[in-house]
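Since the structure comes first, as structure tokens, the remarks are kept for the end.
As written, the chains take the letters A, B, C, D, E and F, and residue 1 is the first residue of each chain.
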Amino acid sequence: MALVPTTTIPDGAVFTEVDMGADSAAPTVRATVVQASTIFYDTPATIDKAERLIADASALGSQLIVFPEAFIGGYPRGSTFGVTIGARSQYHAAAIDVPGPEVDRLAAIAGKYKVYLVMGVIEREGYTLYCTVLFFNSQGQYLGKHRKLMPTALERIIWGFGDGSTIPVFETSIGKIGALICWENRMPLARTAMYGKGIEIYCAPTADSRDIWQASMTHIALEGGCFVLSANQFCRRKDYPPPPEYTFAGTNEELSPDSIVCAGGSVIISPSGQVLAGPNYEGEALISADLDLGEIARAKFDFDVVGHYARPEVLSLMVRDHPTTPVSFTSASKEAGPQKP
Amino acid sequence: MALVPTTTIPDGAVFTEVDMGADSAAPTVRATVVQASTIFYDTPATIDKAERLIADASALGSQLIVFPEAFIGGYPRGSTFGVTIGARSQYHAAAIDVPGPEVDRLAAIAGKYKVYLVMGVIEREGYTLYCTVLFFNSQGQYLGKHRKLMPTALERIIWGFGDGSTIPVFETSIGKIGALICWENRMPLARTAMYGKGIEIYCAPTADSRDIWQASMTHIALEGGCFVLSANQFCRRKDYPPPPEYTFAGTNEELSPDSIVCAGGSVIISPSGQVLAGPNYEGEALISADLDLGEIARAKFDFDVVGHYARPEVLSLMVRDHPTTPVSFTSASKEAGPQKP
Amino acid sequence: MALVPTTTIPDGAVFTEVDMGADSAAPTVRATVVQASTIFYDTPATIDKAERLIADASALGSQLIVFPEAFIGGYPRGSTFGVTIGARSQYHAAAIDVPGPEVDRLAAIAGKYKVYLVMGVIEREGYTLYCTVLFFNSQGQYLGKHRKLMPTALERIIWGFGDGSTIPVFETSIGKIGALICWENRMPLARTAMYGKGIEIYCAPTADSRDIWQASMTHIALEGGCFVLSANQFCRRKDYPPPPEYTFAGTNEELSPDSIVCAGGSVIISPSGQVLAGPNYEGEALISADLDLGEIARAKFDFDVVGHYARPEVLSLMVRDHPTTPVSFTSASKEAGPQKP
Amino acid sequence: MALVPTTTIPDGAVFTEVDMGADSAAPTVRATVVQASTIFYDTPATIDKAERLIADASALGSQLIVFPEAFIGGYPRGSTFGVTIGARSQYHAAAIDVPGPEVDRLAAIAGKYKVYLVMGVIEREGYTLYCTVLFFNSQGQYLGKHRKLMPTALERIIWGFGDGSTIPVFETSIGKIGALICWENRMPLARTAMYGKGIEIYCAPTADSRDIWQASMTHIALEGGCFVLSANQFCRRKDYPPPPEYTFAGTNEELSPDSIVCAGGSVIISPSGQVLAGPNYEGEALISADLDLGEIARAKFDFDVVGHYARPEVLSLMVRDHPTTPVSFTSASKEAGPQKP
Amino acid sequence: MALVPTTTIPDGAVFTEVDMGADSAAPTVRATVVQASTIFYDTPATIDKAERLIADASALGSQLIVFPEAFIGGYPRGSTFGVTIGARSQYHAAAIDVPGPEVDRLAAIAGKYKVYLVMGVIEREGYTLYCTVLFFNSQGQYLGKHRKLMPTALERIIWGFGDGSTIPVFETSIGKIGALICWENRMPLARTAMYGKGIEIYCAPTADSRDIWQASMTHIALEGGCFVLSANQFCRRKDYPPPPEYTFAGTNEELSPDSIVCAGGSVIISPSGQVLAGPNYEGEALISADLDLGEIARAKFDFDVVGHYARPEVLSLMVRDHPTTPVSFTSASKEAGPQKP
Amino acid sequence: MALVPTTTIPDGAVFTEVDMGADSAAPTVRATVVQASTIFYDTPATIDKAERLIADASALGSQLIVFPEAFIGGYPRGSTFGVTIGARSQYHAAAIDVPGPEVDRLAAIAGKYKVYLVMGVIEREGYTLYCTVLFFNSQGQYLGKHRKLMPTALERIIWGFGDGSTIPVFETSIGKIGALICWENRMPLARTAMYGKGIEIYCAPTADSRDIWQASMTHIALEGGCFVLSANQFCRRKDYPPPPEYTFAGTNEELSPDSIVCAGGSVIISPSGQVLAGPNYEGEALISADLDLGEIARAKFDFDVVGHYARPEVLSLMVRDHPTTPVSFTSASKEAGPQKP
């Protein structure tokens, strides 16, 4: 397996090419984890930035590109939104409808660069926001989404709660792909749902840059017998709007513009627990590696968490993966909503 | 009952025709047990060999053909798989998905030769392998499968554990057919589940060539009042890949290419305990006999293990034959698995 | 009550009409007990004979027709089956599956002649035989069955043991009907189960032609406050196959073809112990009577065995009427059995 | 077996001796059923009469003597007691306490004549009367009693209801003896309780002289595989006090003094249903027979109602044979009653 | 393991001593299977004969002695009992009560010779006979009994049916001992009940001398991982009473006095399926072997039918081991029965 | 929190005392993880060694002492047991019954040193071995056990499979304690069962000394919000019997006596993921730390895996914690087993 060097992103610089080598066997997938910051409150610019990063990763030969949690829409780091009502509206405005024009644009980008794309977004449905991950294939099609099941701490003030109907794993030409977001990755039952669906390339968009996060990523790779791709933003204070438009709660707000407010730590780990690329705590970067899918079988030979190592007659997980809605109508075969005459 | 002579398989030779006789009554089934070796690590060639053997048995007039345990995929005799990681992958690669293209091909072969086919295979589901028996009817349809419930000794490292949902008995035009694999046949409760389903033609694909195996086969025929057809491979060292690609653990590996590593012993026994054909310990062979199904009623007149001779109010067996899965999904009517976009 | 004359069955003759009279009150049921022999080893011919008898009884105005024990399948009188293996198979072959084509035919006959039909049969389930009584209504529907709980003496070699799940009493438009077979009628707890279910027309198909049988029939009528209809075969030696195909054990086999081997004694008794028709020891016959159901209340006024005359706080019978099977399957809503692909 | 001739009792005459024969094997018991009338409202005279009858039967060699229902105290045939309150008092006065002086006297008589004695009495406890049977052994000991569980029709106005604590069977040197009274013998569960206790000599003191009673006696002998000894009074109108002291309800009271008001019908039946002595409908009599206890085993070989012919896992009787009292006291280890300082 | 030579029993001769050797390790048990005939219809003489055989086996150093089915009471080989009523009584008389004087005598013999004793008897309870095995320890104590659950063919006419309360395994100083009788050994659920109780020394008193019986014995040893000791009678025609007192049904009774009517075949098999002693088809004999209990652990390492090789979550056996009686009494802590005054 | 220095165990040396400090708050528990080797095939000596280590830890002030997997009985590292049958018996002999004398001795030791004790053992039940952890309280009482649910790779040949009935968490005076063994700790559903029972001190006896094991330990502490105490053996080749008595499969057996065959890595981690003591890869050692139970609440404030962070309406785990046995007995309130006369 030829490891792809992790490349620091210079300002606007071009990524160095990587030698794919001659020994890259067929079932190997080149994957890139994007460690970069949202352009806060500017969704079109953020998508432009995403396209540039996708282009770069594609130029590296990457077939799969994973962005951090809330890359589009922004992670409300340090914000309480409690002070400035206006901020809430801006945050709401920066979110996107799914489906919607931003989704269409992302699909087109994926198709243009012929990459599978996993993108963290803030989704807006009616007046509720969700922390969501979108999936696109390399033919430019939107595949579906995962909504975060359980936001953490202050996130619960801003985001709604997903249900069991949006925890997909997609069977694609480059393997079975799914995602859990941030601390969902600490939920053993949520992970087991992923394993039950046969996940091979486990994406973990996150906002947690502590080093103990690495232990969880390694553990998940071992537990699930899968590749783990964790993408986090690398943000400085200046990536957010200046105060008072945006304030960092719990600080004396003496943060310099270059203060690091999210240190990244994006990483790619193999099913045997080997770190293939990252973690990077230096700056924005594309973290890339070649995933030899044959490793999965070797890892599961001894430990197949939903196969020979399970004890389903003792321990069994029920996943209620139907949509749950507060109001449903017997006459409606689809979602509740006003009649469209 | 016209006994069909057991025929040693010469290299590539044609089987001698057998005289079907004029006294073959209607409810008599000609059955053949195949005693032959897997072509290790070469599943297409093994299926080609299976087809040749089926053609030969069909030419003998056989209506039912039973292959040994793990004929497709191979029985990992003497292997620990512990040393050579590569071997694991090869073994995994030689296994087959069920359903899948190899199953389709076997179904087509059964239909082409108009035979019922009971075939031992290594099944691959996700990253777990199972020791499985597949059933096909003479119209070329795949009927279903039995997964070994409890592997023996080192097998437990390589194969998963079946559950109660795959212990079928099929009602066919030639009688009620089912199978237990190797030492499952020593499990009295598993056998009783078969009896409870009314098995008439009890197939026992195996890898046990010791002569005490014969006592168990005779006992089962008497206990169950059924025909017992035990198929084992006859393998020499040269039927496995040469060292170091494949090594026989626990030996000094001074086995000559012609050393017998599995001596067969395939046999057909009637419900009254009479040996109809075999056991053969000489070489690859088709072991054939005519099964007079009328013998079953005569045997059960005095001893019907699940009928007049049972004491259900004292002794009753519960078979939990629902599938057990570590993860289940409320929305899914079938197995858990990834979405196919 | 207008008694219906008992009519000897001449060879193929028509029954004389009976005068129903003008005083037949509404709740009166005309019932016929058939005293006739199985055509041994020829089930289709036996059913043909049954149909002729039913037609005759129907012509007499009979609404309920009760046949003897094992009328279809035959009572293995004098046989040990131990000598001639062939005989066992013939006997097994003459038995019927329930449900099955013979049951369908009997239902159609009941419907054609618009009679309730209680028919003694030999039931075949797998390889065990049961001595069973089938019930049909006058709309041509099969209602259910009773399997003999405890065979007597040599019967235990030939027949299995019913369980508590098949001791029905059916509520019909002509009253509550059930049956116990032969010496089951000597089992006080089995009879009490019938009484507990409210039996009004108690059928006692039998093979016992001794005159002390009459005492039991009278006693049961008194004890249960019900009508008792006991049907027995009238058989001569020639109704069975000739030796050596069928031999009578314990005899010097100097029986002439006309020797009586079962003398009948069929009878109908009222709840007050009055003999309404029979017993007939002369030959094949239809024994008929009008059952005035109003007599039941009169009889129970003084003695209601499960009502005012019971002492349930002192004496209580537990009937375990769930099916008992040696093997049961959690997934199966019905009996265990093979899959039908 | 030497049958003992039934002897009509001439007025005060001596019974003819019976030839015991030389073939009376050891396990044979000579038994006498007494068919005689109470001397109404005169208990001392009734006991005198009983002693004379016992002396006579003893002279015949009888080892067991069974008296009718209510022999002491009298069967209130035809009485409503509704008109004359005084009659009630007389009837109450004629009853006996158990234990009490009359019981002592009866014990002494049994010891004097060295006979087992089964005696129907009216028992008085406080202000309630019971229809009771007393048992005495040939050593002059009172063994215990059976209280009628369920009186019939008008009896319910006069007698109380026994409970499960007084349905004994006594193991004696002449066999296992017990009794049910009159229509209790029509209660299948009560009889089964007797059978469950192993009864061999089944006593049936009664007041039913209809001929259908014989059918029940025969049936019980067959059902229970036991000897049945049914004792009934033979009474003429003159055996009761003349009107108006005692009136026969429901009659025009034109009964002549010699009118038979209870016709007897006492009988002894063997386990195979053979009538050994009686029934006698002619007058007062001692009905005697020799009971060959070896017949029981022969009868039960084919039908053992609580042994091999039972189906206890389907049908089981619970007998609550503890005393039931309306008031009980936690401090009392014995029956409720006033403290005796 | 020092094998003890099987010794033919000369008329009244002394057994040759066996060399116990120095290598007899502590956990080795010397066991003897007795192959000898009942002295028909003479129970005292049969027990005398048993004592002589026990004395001989004890002199050989045997610690455990297993007798055939129905050794006391006799196996009713070839008898229908249908013709000669007298024979029934004799057979009933030859049976023994449990407990009772014969049981006391057997206990004393076991104590005298300091051997564990497993003895096949015909047990009499009331009027039903059971085919029973009694167990005694070397201190002269009666341990308990096993009653045959399901008699075979004609046996069902003669013997009752045991229930789940008498299928014991006894933990003794020489291992865990139990027994199933004759074709009960073909009942997989009954055997599994034995395994569930941890049986180590599995006794199989039988009346089946066919050679296919050996296959079942070997299979059971392998299936259960236990020693199997099968004891059968060796009987000639002259061991039964001469005709017409006793006739062999289904024969022309041209059997010479020396005709073999039961050929024995007693055998001892180790948990690995090795035949340790026998089968002997030559004559009366003591079949002895040393049982190295350490072999059990070695056998169960690979196959522990109720341990690591079970799949209880899929297949589980329920043993209803409470007594079932047709009648039970709330006040009785023991079996129903008559009062003993 | 005062960290307790990890102390290398010199040969037989005394541990250095630790300064408990003055700031040890009340809800702090001093715990020691023992990193030491079994004395192979010598269970008494192993328990002696355990007692010395417990004495030493107790002298350090430890209140809770956790031993590695299979400390008593030994971890069969490198063994196939396939070659030397003798070895199997030795291994079986070194295992212990639960309850049994070794359990009694361990309880006494816990009581003597007033410590909670968590001890890895090889449990023997009948002829199946289980990898088990025993729990004892500081009053010298045995609390219960956990049996490994799923052995890994070659372990499956040697050990049976636990069921859901032995996955306890004990509420003790020092917190809620439970254990999973080795790779069970990689089973997310098994861990979730522990969390569901409220585990606070999560013990992870193991045999895995790879450094990726540390990632799993850290992850579990974070995921479960609990203290994790992982105990592994530190073994050299000489701690096992020399060849040929014990051989290491898959090696050329050129291991020097001092070769490290298990490198330890025992560790203690806090709920916030902080390593409190260890990992130690140097030699035998006592790894000790003070567990401030107050940390648990702080950790769970943000992430309570079975509390506010669960989504039970979407994801729910069913734990079937009833015992599963292949054979059960209706009359038995405890496990099946032989009678003890």
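Assume a contact is a pair of C-beta atoms (placed from the backbone, for glycine too) under 8 Å apart; a residue touches a chain by one contact, two chains touch by 3 or more.
Fair warning: this is a prediction, and the values are worked out from it, not measured in the lab.
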{"item": "Between the pairs B-F and B-D, the one where more C-beta pairs touch", "value": "B-F"}
{"item": "Interchain centroid distance [CA atoms averaged], subunit A/subunit F, Å", "value": "37"}
{"item": "Length of the line joining the C-alpha centres of subunit D and subunit E, rounded to whole Å", "value": "47"}
{"item": "Sites on subunit C at which at least two other chains make contact", "value": "153, 161, 163, 189, 320, 324, 326"}
{"item": "Category of the chain touch graph - line, ring, star, complete, other", "value": "other"}
{"item": "Residues of subunit E touching subunit A in the complex", "value": "313-314"}
{"item": "Complex contacts: residues of subunit C adjacent to subunit E", "value": "80, 82-83, 153-154, 156-157, 189, 249-250, 326"}
{"item": "Interfacial residue positions of subunit F with respect to subunit A in the complex", "value": "149-150, 152-153, 161, 163-164, 183, 186-193, 195, 212, 214-216, 218-220, 222-223, 272-273, 302-303, 305, 309-311, 313-321, 324"}
{"item": "Touching residues on subunit B, where the partner in the complex is subunit C", "value": "137, 141, 143-144, 164-165, 168-172, 176, 178, 192-193, 195-199, 225, 294, 296-301, 304-308, 310-313, 315-322"}
{"item": "Subunit B contact footprint on subunit C (complex, rising order)", "value": "81, 85, 88-89, 92, 125-129, 159-161, 163, 320, 324-332, 336-341"}
